[in-house]
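Below, subunit A partners subunit B and then partners subunit C, in two separate complexes.
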Partner chain A sequence: MTHALAAKGPTASRPKPAEFIAFAVLAALLAVAPFALYPFFLATALCFALFASAFNLLVGYAGLLSFGHALFFGGAAYIAAHVAKVWGWPPELTLLAATAFVGLLGLVAGALSIRRQGIYFSMITLALAQMGYFVALQVPFTHGEDGIQGVPRGKLFGLIPLGDDRVMYYFVLVVFLCGLLAIYRIVHSPFGSVLKAIRENEPRAISLGYSVDSYKLAAFGLSAALAGLAGGTKALVTQSATLTDMHWSMSGEVILMVLLGGMGTMTGPVIGAIFVVAIPEVLNRIGGPDFAQWMTVIQGAIFVICVLAFRRGLIGEIAARLRRTL
Partner chain B sequence: MKKILLAGVALGVMTTCAFAADKVVKVGVLTDGSGPYADVGGVGSQLAAQLAIDESGLAAKGWKVELVYADHLNKVDVGTSIAREWFDQGKADVIVDTLNSGVALAVGQIVKDKNKVFLNSGAASSDLTGKACTPNQIHWTYDTYALANGTGKAMTKAGGDTWYFITADYAFGKALERDTTAVVAANGGKVVGNVYAPLNNADFSSQLLQAQSSKAKVIGLANAGGDSANAIKQAAEFGITQGGQKLAALLIFLSDVNALGLPVAQGLEFTVTYYWDLNDDTRAFADRFSQKSKAHAKPTMVQAGVYSSVLHYLKAVDALGSPTDGAAVVAKMKATPTDDQAFGKGSIREDGRKIHPAYLLQVKTPAESKYPWDYAKVIATIPADEAFRPLSQSECPLVKK
Partner chain C sequence: MIPLLGISTQALFGQLLLGLINGAFYAMLSLGLAVIFGMLNIVNFAHGALYMVGAFAAWFLLTYFHIGYWPALILAPLGVALFGMVIERTMLKRLAGLDHIYGLLLTFGLALIIQGVFQNQFGASGQPYPLPEQLKGGTNLGFMYLPTYRAWAVVFSLCVCLFTWFMIEKTRLGSVLRAATENPELTRAFGINVPRLITLTYGFGVGLAALAGVLAAPIYQVRPLMGADFIIVVFAVVVIGGMGSILGAIGAGFMLGIVEGLTKVFYPQAANIVVFVIMVAVLLVKPTGLFGKKL
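Coming up: the complex of A and B.
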């Protein structure tokens, strides 16, 4: 019976114990982390980790290298900040609104960009993101280069005040783990198998009768929505939304996070994101002002070394050693 | 007996320790350490704060003054993360500098929530003493209103009665243009036209040619940073100043003039509130600064503002005996008149605006420059009571009308 099904269409790949263990270890580490590290920093790092994971869904599993994901991350941050500050919505509705808006935006952007492949696809996403950046610069509600400040964190479900950094952290952790599980579920569903098939050999997927474009579009929309969830959460954590999140360098940074951690792995983007966010913090801490002047140079050197030494990314390299998917 | 004596000594040591621990004040310099504004503030701001700490004489009065420094990378989330951490973990009682307006506005909110002190020197937005003013912050050196007012008024009065603007096409540029236009009109001048250029524009030739053919006496550059530098460089290539038109850069710092070089920047007019070569006092401060500076640079007005604000802050903390209540320290600072070598005598208004004169400078020609850092001459002084936005126009909720 199962064989018959398998012959008919793609099935969900069976979850592997190693991935579960990696996930459980990650969740456990993150749950105790605020006792050792600064919770506000951790919460921001988790937002970036979710962003990188959402991006990885697109590039790692569907093989689509978007160069415009800052549009979704930053766009959601603006929507969340506006909705929470000006309209006074509670945090859970704020996040839903930001995610939904950006998911729709992702479908529009995706519909335009997936018509082309490879570098042309990347360029169209970049162009759309730049358009978004200049819209954010001009429209009145984003307040130009000043950004939106003093966004209230509000009370979760009208009960739990999120003002305390540690409470906020656990809220972010729950959002993050839900996001990660959603990605895990998508990747290991029949839909995910088709995405991987498209990544490996698109003409063959077409010849097998799959409507490749609709699969790609769905993947783009999902990735955008999850990136939006990350951006909206970040706006609540930092209580602000600014142009930095919309700038093309943010699109570059997320590529870096995924490449550093390991493309097409579940935990890789998370580790990569934490790594990228932590480097300036660490450099700020160990070095005085003379050292800080060299911050960007040191950062660049670390990345070059990582890319040369770990071609599959940090987690990708470990996974290859262990011959497991992590 | 011996035991009692020992115990007495131990007790004495403990109490002095406890006493010393109470008199600690921590200054946090949060600035752009590696980005486009690193020369405006950066390491120099840390140096300026250190100078202020050394010269405050607080160490002799039994105070322990600590200094921390961090680079916010011009990112609001990095800046807010550092500010929160400094306050939550007791690493800073006051944050100075910041430079970037977005970071400054965000940090201002955190400082208010945590009841600490924020002495902004580098950020330009006049919202910091307007809509976004708080009882915990002081805007020290300059703001967009002062820049527009200084350059606009003095140049119009000096005969530059027709203006053409090249404006950065976003909120900051438009606000600067709007404020300057109002000042020009109020002084009998006329704006003959304007052209918008996108942010981070590499090629200003079409805008400059339009400005040139407008025959306006003054070309106002309502932009900042790399955009100003590009426009000034290309204006030099087009020979605009040699053709008799004047170039007014509405936001430019001494370090920018240093980077552009006199052959390119000559003739440029700009507003500052501190220039190192104004008088003996400003020169004395600048000398002490440049001796300790690695590049032997003279301080920018932002760095001078850091020095002046930290000095005044430490005076207020010493008078109160404790830095814990930020709002009380700021209230004390507002109640005390300011006096230092960089800005002379001044005061702080209820909306948090530090008041001092502003100066309209003109960049010298290479032939006029006699010694290192001899870059500009003063062509007009704007008195303290005219330099900043009047309280009657303030949107700050702290101002009682």
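Coming up: the complex of A and C.
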């Protein structure tokens, strides 16, 4: 299929220098960040940033708004926690297992949900994720309301122990950058161009002879697998997997990250994720736990403001001002 | 008591009745969603939150103003409808012509705000709402005990659903509404104030949700998150039934409520997911939904 595409179909969009610079600046900032901020907090934030970027691959480039990505994030966290704790697998194999499992799960869920379009697609993904939530509540290995606690981080390649938060952070940073590069490659490949064509005008893409459904399914599977990579990594960082990661509010949170940062931008979801993760911390500092209670309300308000006032998101607005893709 | 397949008829019919009640709420909520989607092209994610607000409005009226169940049955939906119309005029209206997903995101944000405020005020725990005096007690039918209020809830919601169907399909107002759904520009050209019709439709849809909330208040406790999980099931019902037909939405709602009730009796572990499993099956067999038109 790829051969045929390369011959007759779209060409890869050329990587833009501005995008590349933004990426390099981001990587450099993240490399020195643990000297200024808690590495544990940063590592968690990076997991969410990867999750948001994976989600953006689907909503920003294929135009498919999934309302059930917590299924993949939380599902992978459970798989990773179980594999690392009960089977004693090393971190690299743990992440591989979680990513592969959730990728397959994504193909199944994707095959079902792309049978309908538009808002129905969103409602189906939401319902499927809710089903997964109830399954996770009842199957024995997830330990119900308690979740899986005390997950060992293990030794990377049997050599580097990840117990220290700072070491763990740099491991997460590498995973994150690899994930982001993968997304960058996907978006700028011929495959990515077809996805954007489907987003802009699906009937036209069909009439041009593209098998739109297989493209959507592939995008869904890739996005799910990368979300799984993020979820598995998060399980190792926090050393736990709980129902919170599978709840519909998590699906909402990842949408918020991407919406706030900017749908269809490379760096937007990362910035959005850092904002959304940082807000409760900052609120806690300013006003104590009483203030942090208002988190849900604040998130809701950000949704409303973003949709009404700046639909392009933070990075999207800046990019529009600079007339560059970021 | 006659045991049937190893299960007492008492338990069986009790769950069946509860399923029927849930089905009635599914029907009322998906009906409201369908009407709103037809006119505004928006999937109202705040529907579950407004169902909860309806229940809380009844509770407020009773606790602070000593206004009982019967006036609340009218006042609470009216209040929520007004609130909804303000939301439509100030926010949803600006989304006309944009992608569907923005409506979904905006109403999701509104649901978070509403639920968050109530949660901060009341915590996660429930407030009890007493049964109205006239509907206390019940009748022994021989094979089961029928609580009067539950019977009332089913019969009343069925009447509301059928009344809505009659209004939309058989009256002049309904035909105007359907015309505006089909072709708003042309309907305006006939001198009909379509924007006002849209606002009223949204008010009516969320009013229905609030009415379901008031009906639910004496059966379930009034909780800030009572609508949050509920709306997801309603979405699955909408996917199964399709939003194309009014009677389809009503039928799918009642049917799925009953199936859910039966599952609670025969295989309780699956009661939470049975609606979703049916949704998957319907997607595999008939992706457009049982009564739906292709979108």
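Operating definition for what follows: the second predicted complex is superposed on the first by the 296 of 326 C-alpha atoms of A that agree within 3 Å, B and C clash if a C-alpha of one lies under 4 Å from a C-alpha of the other, contacts with A are read in each partner's own complex, and residues count from 1 in each chain.
Here is the rule we go by: a contact is a pair of C-beta atoms (placed from the backbone, for glycine too) under 8 Å apart; a residue touches a chain by one contact, two chains touch by 3 or more.
Everything numeric here is computed off the predicted structure, so don't read it as measured data.
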So, A:V135: does it touch subunit B (first), subunit C (second), both, or neither? second
Could you say whether A:T296 touches subunit B, subunit C, both of them, or neither, answering first, second, both or neither? both
Once the structures are superposed on A, label A:V307 by its partner contacts, choosing first (subunit B), second (subunit C), both or neither. second
Which partner does A:S240 reach: the first (subunit B), the second (subunit C), both, or neither? first
Subunit B versus subunit C as contact partner of A:N284, first or second or both or neither: first
Once the shared chain is lined up, is A:G144 touching subunit B (first), subunit C (second), both, or neither of them? first
Could you give the residue numbers on subunit A that contact subunit B in one complex and subunit C in the other? 134, 137-138, 293-296
Sort out for me which residues of subunit A touch subunit C in the complex. 59, 65, 67, 112, 115-120, 122-124, 126-128, 130-131, 134-135, 137-138, 248, 252, 255, 259, 293-297, 299-304, 306-308, 311
In their shared complex, subunit A is touched by residues of subunit C numbered 37, 43, 91, 94-95, 98, 100-102, 104-106, 108-117, 119-120, 228-229, 232-233, 235-236, 238-239, 269, 272-273, 275-277, 279-280, 283-284, 287-288, 295
Listed in rising order, the residues of subunit A that touch subunit B in the complex are 38, 40-41, 44, 134, 137-138, 143-147, 149-150, 165, 234, 238-240, 242-244, 280-281, 284, 288-290, 292-296
For the complex, which residues does subunit B have touching subunit A? 29, 33-34, 38, 42-43, 46, 69-71, 73-78, 80-82, 84-85, 88-89, 101-102, 105-106, 108-109, 125, 127, 132, 169-172, 198-199, 294
